[in-house]
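This is the structure I have questions about; it appears just below.
We call the chains A, B, C and D, going by the order they appear; numbering starts again at 1 in every chain.
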C-alpha cells in the first residue's frame, strides 16, 4: 500500500507541473483574446497578499472588544459596521458577526464550495476548502476543533454556520483574560485568522509572547 | 482539458501494470505464508468462467416460463426452487425472484457495494459495480434504462431493488411474444444476463436470430 | 459510515453505458490480468476464517472516498484484503511491499484446497439466517419510518433512505445484523424485511408516482410510522 | 445537484489538520505558482460580464465527483472557468490545448484594467440583495420543514439539510435565488433566512443536545413545520 501511495504522490507532482504550463497557456490566450490584462491579474494577486487579509478582521474584532457602541452596531448590523471601516471588498457585501461566549462557540464552513469573508479575512486557507473540513465540520465539529487544539466544553454549545448564501460570517472570539489594559495594537496580535473562522480561540497573552 | 484527460488515461495504464506486479507479489506472499493455494485460486477463477454464470439463471427463467408449478414455487420460495436445480453456490443463499409484467418493471442494484446473485448470474459486470450505475439506478432508473436501450412506458411502474442484505434478487423478464412453440433450449438464448438484472428485456425472436 | 461507498442518489458520475443499446453490454467481468487473481484470492482467504463478509465490506468502504470513486473495483477489494490481513498480523506492511515472507504466519482455521473448491462454494455456509429466538414485530403492509442515524461504523441503511417512510412488503427472515457483525460485535440477528419506498418519498414530487425502490432492512433500522 | 461538491456529513476523508494545535494552521493560501494566477484570472474574468457567481459555482460542481474530491481547489476553479468560456464560445477546446488564438474573441461587457482593480473590488457590485417586492412569509422563531428535493441542477440546499425541521433565527434580506440564477433562469429574488437546526435533528440522537448548525435558506426551500 505504501508503494501505491508513493505512486500517487508522484502523480500529484506531475499534475502540478502540468498545471503550471496549462495556466501559463490559458493566461496568454485570455490576454491575446483581450478578455483580461495580466497587469490587472498581478494587481488582484498583490492586493490579496498585502491589503485584504485577516488584519482587516482583527481590526473589526478589537474595535468590538474595546468600543461597546461599535460592538452593538456589529451585532445589530455587521454589514454597515464593517463597511464603515472601509472593508467593502467583494465576498463581504452581506456580513453577519457571531460572538463567542461561555455559552456558545461559533465556527464557519461552506460545505458546498468555499464561501468565506474575503473582505475581512482575505483568501481562505487550503484546509477550509478541503473535503475533510467541509465534510466533517457540520457532522463532527468538536472532532475538528480538537484537531486544531481547540477544546470546547460539553456544556458550551457549538454552533456551526454553513455559508449557503452570500451572507459571510465573521466570528468574534472571546477577549482573552488578562488583557484589560492592553492597547488596540497589542490586542490585534491575539486575533488570529483561525480565531475569526472559529477553529481556534484568540491567543492568550502567554501564547502571543 | 483534453490534454489533462490524456494524462489521467496514462495514469490509469500505469496503475494497471503496477497492479499486475502488486498482485503477483501478494499472491506469492499468501502462498508462502500458507494461507492459500494458487491451484485453488485457479479453480475458483475457472469455475466462475465456465460453470457459474448467467446460463444458470436463464435455466431458472425458462423453467418458470414453461412450467407453471415451478413458476409458482419460484414466486413463493425462490431460494428452495433455485436450490432444487443445484444452484446453491455462494451469493445465492437467500434468493428473491421478481417477475416483470406490463404493470411493473424490476431492476436490481447494490448501492453500497456490489451484491449480486453469483449463484445464478456469475460475477457482476464492471458497470454494475461502477459509481454511475450505483448512484443513478435508485434516483434515475428510467434514465439508466434508456442508456441500455430499454424504454419502460410511463404507465409501467419501475421498481428498483437495492440489495442491502444477503438477499439476492433475480429478475424474471417477460417471455417475448411469438415464442409459444419454442423449446427450452431455444428460449434460453433469449434470456440475457442484463434481462435478469432488469436493465434490458429478454431478446425478441428477431434479435436472437 | 457515510463513506465513498454510499453512492445512491449522487449526481455527476456520467453515463453507465458507453455503447448504448448493446444487447448484453459488458460481457467481460475482468479488464486486466490481475483482476481474476484478486477475486479468487479474496474467495480463498475466506477459508482462513478470520473475518465475516460484513467486516470485509467495512474494510473496503473505509478507504478514502477519493480512492473509492476512482479505483478499479478489484483494487478496492485488494485494499480491503490487505487492511484485514494487516489488522490481524497475518502479514506486515513490509511483506506487502516486498512480497517476501519475513514473519511466520498466524494460525488460521483452514486452507482451501483445489479439490474442495466446488464443495466449499456450494456449501451454503455463508447463509445469513439464524434460529428465530423471537417473533417479528412487523407484518406485511405495515408503514415504517427509518431512523436518521449517521454512524462512522458499518451500516446497511444508506443515507438516501434515512428518515423516510416506507411499507413492509416481505418478511425475509431472522438474519445476522451487519450493523453489529460488520463492526466486530457479533451476529446479533434481527428480523429482516423488504421495505418499499415511493420514488417521490425518497427523491421528491417530480418523480414518476408509480416508481418505487425497495431496500432490505432490519428491525433496528425503523420504527412504526 | 448531488455532486462531488455536496460534502457535508461525509465520512472517511481523514483529518483536517496535519499539524495539530499549530496556532494559525496553514498560513499560506497558495501551494503552487499557478494557483494565484487562477485566482486573479477568475476575478478578472468577472468584468467580462458573461456569467454570475451562481453560474460559476454550478460550473465547478458539475465536474465528476471523482475529480472534485481529488483535484486541488484552484484546479476545480480552472475547470469551471474553461467550461464557462467554452459554453459561450469565448474560447475553443483547440485554443485551450494549444494556448494560441485561432478564433476572434466574442464581444464582452468590459475588461478590468490594473488602475481600476481596487475600485472594482470595493464596488459592492456583487451585492445579492434586491428591492423588496413583497413581504416575507416567516418571522424569527417560526419552525420550518425543508423540502426533500434532488434536482440535477444548481441548488444551495445541501442533502444533509433536506427534509429536516429547523427554526428561523434571522431574516437576512430579499436576495437573488441561486437555484434560479445558477441555472440561467434569472435572479428570481426570494426572502433569505438563517435557519438553525439541532445537531440531533440533522444527525441523530447521539449528538450533543446543545449543538446546532445554521444554514442560510430561501423561502422556496421550506414550508411551515
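Everything that follows uses one rule, which is that contacts are C-beta pairs under 8 Å (C-beta built on N, C-alpha and C of every residue); 3 or more make two chains touch, one makes a residue touch a chain.
All values reported here derive from a predicted model rather than from experimental measurement.
Considering every other chain in turn, the ones in contact with both chain C and chain D prove to be A, B.
Among the other chains, the CA centroid farthest from that of chain A is the one of B.
For the pair chain B and chain D, the distance between mean C-alpha positions equals 40 Å.
Mean C-alpha position of chain A lies 50 Å from that of chain B. Rounded to a whole number, the gap between the C-alpha centres of chain B and chain C is 16 angstrom. Across the assembly, chain D contributes residues 2, 9-11, 13-14, 61, 65-66, 69, 82, 96, 150, 202-203 that each touch 2 or more other chains. Shown for chain B are the residues in touch with two or more other chains, namely 3, 15, 22, 131, 139. Within the complex, the chain A residues that touch chain C are 1-3, 131, 139. Listing the residues of chain C that touch chain D in their complex gives 1-4, 9-14, 61-66, 68-70, 147-150, 152, 159, 163-164, 202-206. Those residues of chain B lying in contact with chain C across their complex are 15-16, 19-20, 22-30, 32-37, 39-45, 47-48, 52, 83, 88-91, 93-94, 96, 111-114, 122-127, 129-136, 138-139, 141-142, 144, 147-149, 154-167, 192-194, 199-200, 203, 207. Residue ranges on chain C touching chain A, taken from their complex, read 2, 65-66, 79, 82, 93, 96-97, 150. Of all residues in chain C, those touching chain B in their complex are 5-11, 13-17, 20-29, 31-34, 36-41, 43-45, 48, 53, 57, 60-61, 69, 72-73, 75, 78, 82, 90-91, 95-96, 98-101, 105, 108, 111-114, 116-118, 121-129, 156-158, 160-161, 170, 172-173, 175-176, 178, 192, 194, 196, 202-203, 208, 210-218.
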